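Take a look at the structures below.
Two complexes are shown next, each including chain A; its partner changes from chain B in the first to chain C in the second.
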Partner chain A sequence: MKLEAGWVPVALSSSIEAATSAGAVVEGSEIVVWRDNSGVVHVWEDRCPHRGMRMSFGFVRGDHIACLYHGWQYDAGGQCRYIPAHPTLDVPSTIKVPTYVSQEKYGIVWATASPDAAMPDIGPAVGSTPVRSLYVDCSATDALSALDAEGLEHISTDTGLLACDGDKLFIAVQAITTTKAAVHAVLLGPPSADNAKRQAHHARRLEKMRYALEQAAEFA
Partner chain B sequence: MPNITLYGYELDENSYRARLLLSMLGLEWQTVAVDMFPGQEHRKPAMLALNPLGTLPVLQRDDGTVYGTAAVLLSLARSHDQEQRWLPADATAFAEVVTWLGFCETALGPAVEARLQALFDTPGDEAALRTAARKAFRIMDDHMTLRHFEGVEWFAGDGPTLADLALFPSFALSRDFGIDHGEYPALRRWIRHFRSLPGFLTMPGIPDYH
Partner chain C sequence: MGGASCEESMIEAATFTFRGQMICESFTEFALHRARRLDLEIDLGACDAAAAVLSVRGQGDLVDAFEMACSLGPYDCIILDIERKTAT
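Then we have the complex of A and B:
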C-alpha cells in the first residue's frame, strides 16, 4: 500500500529510539522516521529542501532534526527554523519538508498522507512486545501469501493476527519496492517473565520464513 | 608510554580500526601517513619492506612489526589491555570474539572492497560485492536482534570487545557504497552504543554530530 492510500507500517516503535532517525521506503518513496527528545515520532519525506540530502542521515537535537550537510534545522512541523551559515536570518516559511501524518499503535509506527483512512483495529488495547522487522527480498504480495499459508487472520489487506505456538502475533506488511518487503511483528498480550525466550523463538521462526520466501523468489 | 608507530591511510577503514583501538586503549602513537590513493605507496618497496603483503595498517613497536588487521588488533589488545576487556580471557567469550574477527576478515571483505570501489574506482563486480556485503550485515543484524532479547548490546561476551570494534567500521561506513542503515534496526542500536564508548573517534564518512 502507498502512503496516499492509507496507514502504512514503517517501523517497530522500539526500533526508533528517542533522538534518532532512520530511513525507510514505501513503494519507492523515501521517508525519514525520527523521534524527538520528548518521544514524539515524525515521518517526513526524506529530503532536505536545500541540497536534497537525506534527512535520515542527519541528527536530532531536542525537537528539531538537522541535515548532515549544512546543519539546517527543522521543527516538528517540517518548517526550517535555523540555518547555521546565516544565524540571524528569519528563515522563510517556504523552506519546509513535506510531512506525513504518523501514529504509534500496537508497538508499530504508522504513516499516511490520508489520515482519514481507517487504522487497522484489533479491539481493546492488550499491550505488545516487539519481535522484529523482517526485511525480505520478495514482494509484499508473496510475503502475505506465505503468512496466509501459516494461518494469518486478516484485519486488513496488509495486516493480521497470527496464532503461533501458544502466542498471538500482530503482523503488518510494508511494501518497499516490487521486490522487497518488510514484515513487522509484535507479540500481543501483557509482558511475561519468559518474554525474552518467546521473542527469540518468534524472531527465529520469521528468519526461517524469510529463507523460504527468498528461495522461492530466486527460483521463480 | 610504549613507542608505537602506525602506518595508515586516513580513508582506509582498516587503518581506522587500528586507530580506534589505540584511542580506546588510551595509548599515544605516531602516525605515518601512507598515500594509498592515488599513490599506491602501500604496494611500493619502502612499505613492502615492512609488510610484504602490501596492506595497511602496519604497526611498529620496539619489539617488531605487525601487519594484517586482525593481527594488529589482537596484538595491541594482548600488549596494552591490562583488564583483558577487549580480548577476554574467558574461553567462551574468547571463542566468540575470534569467531567475529574471522567473520570480519572473510564475510566483510566484500564490504571493504565495495567501499574502495565506490570511492576510488578499484576493480570488482559491483553488484556481487554489494550483495555479499548485505548478506554479511544481515547476519550481524540477526545476531544482534537475538542478543538484545538477552539484554546484551554487544556482539560477544558481556561487554564491548574486539568483535564490536572490528565490525563497527564496515557497517558505519556502508552509506559510502550505497547501503543504507534502514533495514538493520539492531545494528543501528548497536552503533549508537559503540559510539558512546570512551576514546571513540570518527573518520571521514562517519559523522561527528555537532
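Then we have the complex of A and C:
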C-alpha cells in the first residue's frame, strides 16, 4: 500500500529509540522515521530541501532534526528553523520537508498521507512485545500469501493475526518495492517471564519463512 | 554581531543576467522553482539561447543562495557568466 492510500506500517516502535532516526521505503518512496527526545515519532520524506541529503543520516537534537550535510535544522512540523551558515537568517516558510501523519499502535509506527483512512483495528490494546521486522526479497503479495498459508487471519489487506504455538502475533506487511517487503511482527498480550524466549522462538520461525520465500523467488 | 544581524536580514533586490548556453524553458522553470523555495519575488525578463535576465527580491542571504543555485543551472544549461546589479 502507498502512503497516499492509507496507514502503512513503517517500523517497529522499539526499533526507533528516542533521539534516533532511520530510513525506510514505502513502494519506492523514501522516508525517514525519527523520534524526538520527548518520545514523539515523526515520519517525513527522506530528503533535505537544501541539497537532497537523506534526513535519516541526520542528528536529532531535542525536537529538531539536523541534516548531516550542512546542519540545517527542522522542527517537528518539518519547517526549517536554523541554517548554521546564516545564523541570523529569518528562514522562510517555503523551506520545509514534506511530512506524513504518524501514529504508534500495537507496537508499530504507522504513517500515511491520508489520515482519515481507517487504521487496522484489533480492539483495545492488550500489550505487545516486539518480535522483529523481517526484510524479505520478495513482493508484499508473496509475503502475504506465505502468511496466509500459515493461517493469517486478515484484519486488513496488509495486516492480520497469526496464531502460533499458543501465542498470537500481530503481523503488518510493508511493501518496499515490487521485489522487497518488510514483515513487522509483534507478540500480543501482557508481558510474561518467558517473553524473551517466546520472542526468539517466533523470530526464528519468521526467519524460516523468509528463507522459504526467498528460495521460491530465486527459483521462480 | 548585532550589526551583521541587521545587514543579513535586509531585503535586497537584484537583477541578474545569466549568460551561457541556455534553454529558456528549462532555465526559467529552474529559476522559478528556486525562487519559490527561497521565498523570493521574481520577475522574468528576456531570455534567448545565450542569456536570461531576471530580477529577484528578498532576504539578502537568500538572493545570494539564488545566485549560487542558478550558477549551477538545470542539467541542460551551461552558465558561463553572471552579471549582478543590486539595488537595496
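Here is the rule we go by: the second predicted complex is superposed on the first by the 220 of 220 C-alpha atoms of A that agree within 3 Å, B and C clash if a C-alpha of one lies under 4 Å from a C-alpha of the other, contacts with A are read in each partner's own complex, and residues count from 1 in each chain.
The criterion applied here is as follows: a residue touches a chain if its C-beta (ideal position, glycine included) is under 8 Å from a C-beta of that chain, and two chains touch if they have at least 3 such contacts.
None of the values given here were measured: they were computed from a predicted structure.
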{"item": "Three-chain arrangement built on chain A, chain B and chain C clash or fit", "value": "fit"}
{"item": "Contacts of A:Ile122 with chain B and chain C, given as first, second, both or neither", "value": "neither"}
{"item": "Of chain C and chain B, partner touching more chain A residues", "value": "B"}
{"item": "Which of chain B and chain C A:Ala76 touches, first, second, both or neither", "value": "neither"}
{"item": "First, second, both or neither for A:Leu161, with chain B first and chain C second", "value": "neither"}
{"item": "Chain B versus chain C as contact partner of A:Ala196, first or second or both or neither", "value": "first"}
{"item": "Partner chain(s) touched by A:Ser93 [first = chain B, second = chain C, both, neither]", "value": "second"}
{"item": "Partner chain in contact with A:Val101 - chain B first, chain C second, else both or neither", "value": "neither"}
{"item": "Shortest span in Å between Cα atoms of chain B and of chain C, once chain A is used as the common reference", "value": "23"}
{"item": "Doubly contacted chain A residues - partners chain C and chain B", "value": "none"}
{"item": "Residues on chain A engaged by chain C in the complex (per definition of touch)", "value": "49, 86, 88-90, 92-95"}
{"item": "For the chain A and chain B complex, residues of the former touching the latter", "value": "11-12, 15, 17, 20, 22-25, 56-57, 59, 68, 71, 132-133, 135, 182, 196, 199-200, 203-204, 207"}
{"item": "Chain C residues within the chain A interface of the complex", "value": "4-5, 8-9, 36-39, 58-59, 61-62"}
{"item": "Sites on chain B touched by chain A in the complex", "value": "138, 142, 145-146, 149-151, 175, 180-183, 185-186, 188-189, 192, 207, 209-210"}
